[in-house]
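Each of the next two complexes has subunit A plus one other chain: subunit B in the first, subunit C in the second.
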Partner chain A sequence: MKRGRLALALLLAPGLLWLMAFVMLPLGFLVVMSFWSSSIFGTVPDFTLSNYRRFFDNPLYTELLLKTLRIGIITTLISAVISYPIAYFISRQSGWRKFALVVLLFLPFWTSYVVRTFVWLPILGRNGAINQALMSIGIIDQPLEWLLYNEGIVYLGLVYVYTLFMTLPIYLSLEKVDPRLIEAAVDLGARPLDIFLRILLPLTWPGILSGGIMVFLLTVSAYVTPQLLGGPSGIMFGNLIAAQYLTGNNWAFGAALSVVLAGVVLLLLLVTGRWVGIQQVFSGGRS
Partner chain B sequence: MTSPADSGTDGPIVAIDGVSKSFGGFTALQRIDLDIARGEFFSLLGPSGCGKTTLLRIIGGFEDASTGDIRINGRSVRDVPAFQRATNMIFQHLALFPHMNVTDNVAFGLKMKRMDRASIAIRVATALEQVRLKEFATRPVDQLSGGQRQRVAMARALVNDPDVLLLDEPLGALDLQLRLHMQEELRRLQRSLGNTFIFVTHDQEEAMRMSDRIAVMDGGQIRQLGTPEDIYERPRSRFVASFIGHANLLPARVIGDAGAGLVMAECDGIRLACRTHPETPPLRTGTIAVRYEKVGIRPAADAAAAADDIATGRVVERVYFGSAVRFQVVGSNGTTLTAQLADVELARSIAENDEVILSCAPGAAVLVEDD
Partner chain C sequence: MSAGLAARPYRAYKVLLVIYAVTFFVALYAPLVTIAVLSFNDSSITGFPFRGFTTRWYASALGNPQLLSAFLNSVLLGIVAAVMATTLALLLAMAFRRDFRMKGAVLNLILAPIVVPGIVGGIILLIFFGYLGMRPSLWSTVLVAHVNWVLPFAFLTLYPRLHGFDSSVEEAAMDLGARRHQVFAYIVFPMIRPAVIATMLFSFSLSFDEFIRTIFVIGFDRTMPIQFWTMIIEELAPELPAMAVMIIVISSVTALIGFALMGKSTRRS
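Our next item is the complex of A and B:
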């Protein structure tokens, strides 16, 4: 018994230390710093609520936060709609075809997402592939300006970069569904839509949720994609935070914004989590 | 026998007409012709790979026949997809929906038929009562025992009142006691409901105990079709004789007529007056099949010879079963025969290495065709 506990502690130690050193400490520091004060002379320890007051006093900040959450939710929904058919298709394949398709699924992760975001510029830009092609065949005389730097293009970029984080867990949960259950449902008179709604969807719900949480978290904290593709009108909360550190030199306010974002996201997950049965993600599908 | 179910049409409920099936180069079924009567408990019996499950799946609509046609209730179901067929299946691995409780599992088929909630509730309750699961209505199915899960599967299929219930070795995973119990339960349900059951099994005792008729299958063909008694008492071929029950199989040649419709056959000096299946053509050679329990055995000390005596020999092995004792005897002519004695008193007087006399009544042995 004692030996077992010691072994357990030793086995857990590396992971716990890692979490403490690189997750809990920085997070704690962030919270502490959000009560400090920044000025042109630097950020100094303090205990002030002025950073939070500044956030709540200016409605632009709240609006940006709401917009960011909206983008996060819509991106997650679009990703689910795109991912499910892909995952279903791959799960129905067999042999080397399935293997090849799963490898293809991972392929985009082999390059940095910054690069993957950048490639949209030569496609959609003023002198990009689409404009060149349309002009050369005479459909347009002037390059289309609205292809880049708007909110819509931010959705495109985010969905493109993060969808696969959803496809993979959905694929894995579809793989776990016993095909004989589908046969049994067909035998009992289920049509394709019934099978999807009553068998596949409930049994793969944990996969959809875990993928959804992943995409949502990555999206609401995105700042490279909106910066590169969205321009001024595509700006998200992440850009606001980044600006405090990189250009505004207002680390304390940046910390407060980060804490607000993290707090709101956590609250959102807790509230909607109850409603959609988030505990299934951690209990393997049994409610 | 159950009275035929209510719907008016006469004729077989399932008519299988020249059905073949091949997967790639492998022939799973070879031109099967078979009629199954309304209200019948019909078994497809055979070793694994004989095509019995394939035939069942074709009836259910889960596989397409390569050739031939199947009519259910007189109508061809070639173009009827599985979800529209008047059949329901109980699967080998049950395939209960793990995310639903007992009631939702059982109600599934009725919901698919868009039946109204009140009727569903009544029929589900009745079905659960029939399989004695009323108290478990709200249990998740993963909190049930093997036998209970079995009964949920039965209720889930039967609640739809299918014209034909297809059962794909549903009792295979149960331990012996439970299995015997579920066999009775299934038979009881079939008799009280009157639906046609088509039951696939590789267990010949199970098939005999439950069925009105049995089709013995091997190599994608039906080797023999008949009542359990027919098949046990009058096998046609060596395969059927060896697959059903336990029999001594002796290569033999026919030496004449033994009168009373019997054929005299001989194997290494052992002569037996044999029955044959009515459809067996006249044979010159074949195999004598004698059930273990049809071979009489008594100590050689009992000098009084009898007309039925067929050989003398020495016991080389004696196995006690409780209800019977089985003796392996090497005859004086070198042939090995097995005799099974239900008379345990008499069996007690015979030990290994004892000299014994073997006997067999005329007509107790069957002459069958070689495969």
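Our next item is the complex of A and C:
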């Protein structure tokens, strides 16, 4: 028994020490630094609420947070609507065709989102595919400038990059639905809408919720997509945080903004965690 | 009779669903195909019209020493991060086969790096190591950032394999006098080896593509995604589509091999 304890401790120790030292400790330090003060001479230990006051007093900052949350919610909803039919379609296939579709679906999941965001530049830019195609057939004679650098394109970019995080859990939860349930409903005369609303939706709700949390989490912390595609009007909260470190040198304010963002995400997980275990969110509702 | 009547609206839905599926996959792949086409475009402006086929952008990307070193950095870092994260995750997953106190809390701790927004995951290491006086570089801060990021995914891939493992085989071996380490080396590990290798491949792919945590702690070094980013921001370099194709091919091929191995290990157990 005692040896069993020792073995358990030895198995847990390396991973736990790593996570404590390089995740929890730095996170704790972030919270501490959010009460420090930064000036042109650097960031010094202090205990001040001025970073948080600066955030809440300036409507530009709070509006940016609200805009980011709005983009997060809308992107999540769009992803759910796009994902459900395709997840359903694939779950109804069988054999090699299903296997091929699943691989096709998840292959882009494994390729860099920086690359998958970049692809829109040569498609929507001045010399992009859309402009060149429209000009060559004579619909326009000047390239359209509004195709890029606006909030709408940020939605397109985010949905393109993150939808698969919604499709996976929905697909996995649809896989668990017994097809005989649907057959029985059809035999009893249920209409497609009834089948969706009264059988599929309740049974796959955990999958939708898992995917929704994941997409929302990724979207509200987006930096790459708004930076590359958004232009000045498409900027999000992540860009504001990054600017404190990459261009400005305001580490303490950046720390406070980071705490706010992490706090929003944590709050969401605490609220939704009552319905879905968080481990289920990341294993796509498998367990 | 009633089934026959009901079948008609369903047929319409089925057709709609097929049309939708085709549209979905076209939309998913069209941008990637466009980039692949552009990577062979004989024009120094990234975009259309297509002025002829060339492979010179691949040659010039691979011939650029800065790009080549970014590429090698990413490959080596990916290997080291994958081995480290998979080892830590394997040990944790072994521990999770037993019951212990605070198991739920430990699980939340393991998943923390995914829950923390990516940008925050980079910044905490920037300020933490910054105050420890450590200079940001590939093999210090970036390696830590990548192991942090990959570890939870490695755990989530390995844990179900180990959890579904029939422990009666191990008990039998122990009854016959095998020691713990022998049971692991001769029984457990050979059975989970495909899953361990698959986990390493997935981990490599995640590390190879990592950007948001890396950019804050990279200092003057370069990984492939960071180099790619710098080239987009500074000037829309004509090599970008060729680089994009190389990044896509490397990470998706690694992941595909991982899938194949994972499928194999599922069939076995």
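Assume the second predicted complex is superposed on the first by the 241 of 287 C-alpha atoms of A that agree within 3 Å, B and C clash if a C-alpha of one lies under 4 Å from a C-alpha of the other, contacts with A are read in each partner's own complex, and residues count from 1 in each chain.
One rule holds in what follows: contacts are C-beta pairs under 8 Å (C-beta built on N, C-alpha and C of every residue); 3 or more make two chains touch, one makes a residue touch a chain.
In this text the structure is predicted, and so the values were computed from the model without any measurement.
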item	value
Which of subunit B and subunit C A:262 touches, first, second, both or neither	second
First, second, both or neither for A:181, with subunit B first and subunit C second	first
Touching partner for A:89 - first (subunit B), second (subunit C), both, neither	second
First, second, both or neither for A:223, with subunit B first and subunit C second	second
Partner chain(s) touched by A:127 [first = subunit B, second = subunit C, both, neither]	second
Touching partner for A:199 - first (subunit B), second (subunit C), both, neither	first
Contacts of A:191 with subunit B and subunit C, given as first, second, both or neither	both
Touched partner set for A:74, first subunit B, second subunit C, both or neither	neither
Greater subunit A contact set [subunit C / subunit B]	C
Touching both subunit C and subunit B, counted on subunit A across the two superposed complexes	186-187, 189, 191, 286-287
Contacting residues of subunit A [partner subunit C, same complex]	4, 7-8, 11-12, 14-16, 18-20, 22-27, 29-30, 33, 82, 85-86, 88-90, 101, 103-108, 110-116, 118-123, 125-129, 132-133, 136, 160, 186-187, 189, 191-192, 217-218, 220-221, 223-224, 228, 238, 241-242, 245-246, 251, 254-255, 258, 261-262, 265-266, 269, 278-279, 282-283, 286-287
Parts of subunit C lying in touch with subunit A, wherever the complex brings them together	2-3, 6, 9-10, 13, 17-18, 20-21, 24-25, 28-29, 31-32, 34-35, 38, 45-49, 87-89, 91-92, 94-95, 98, 100, 106-120, 123-128, 130-131, 144, 147-148, 151-152, 156, 160, 180, 202, 205, 208-209, 211-212, 215-216, 225, 228-229, 232, 236, 240-241, 244, 247-248, 251-252, 254-256, 259
In the complex with subunit A, residue positions of subunit B that touch it	60, 62, 81-84, 87-89, 91, 93, 95-99, 108-109, 112-113, 140, 142, 156-157, 160
Residues on subunit A engaged by subunit B in the complex (per definition of touch)	178, 180-181, 183-191, 194, 198-199, 202-203, 285-287
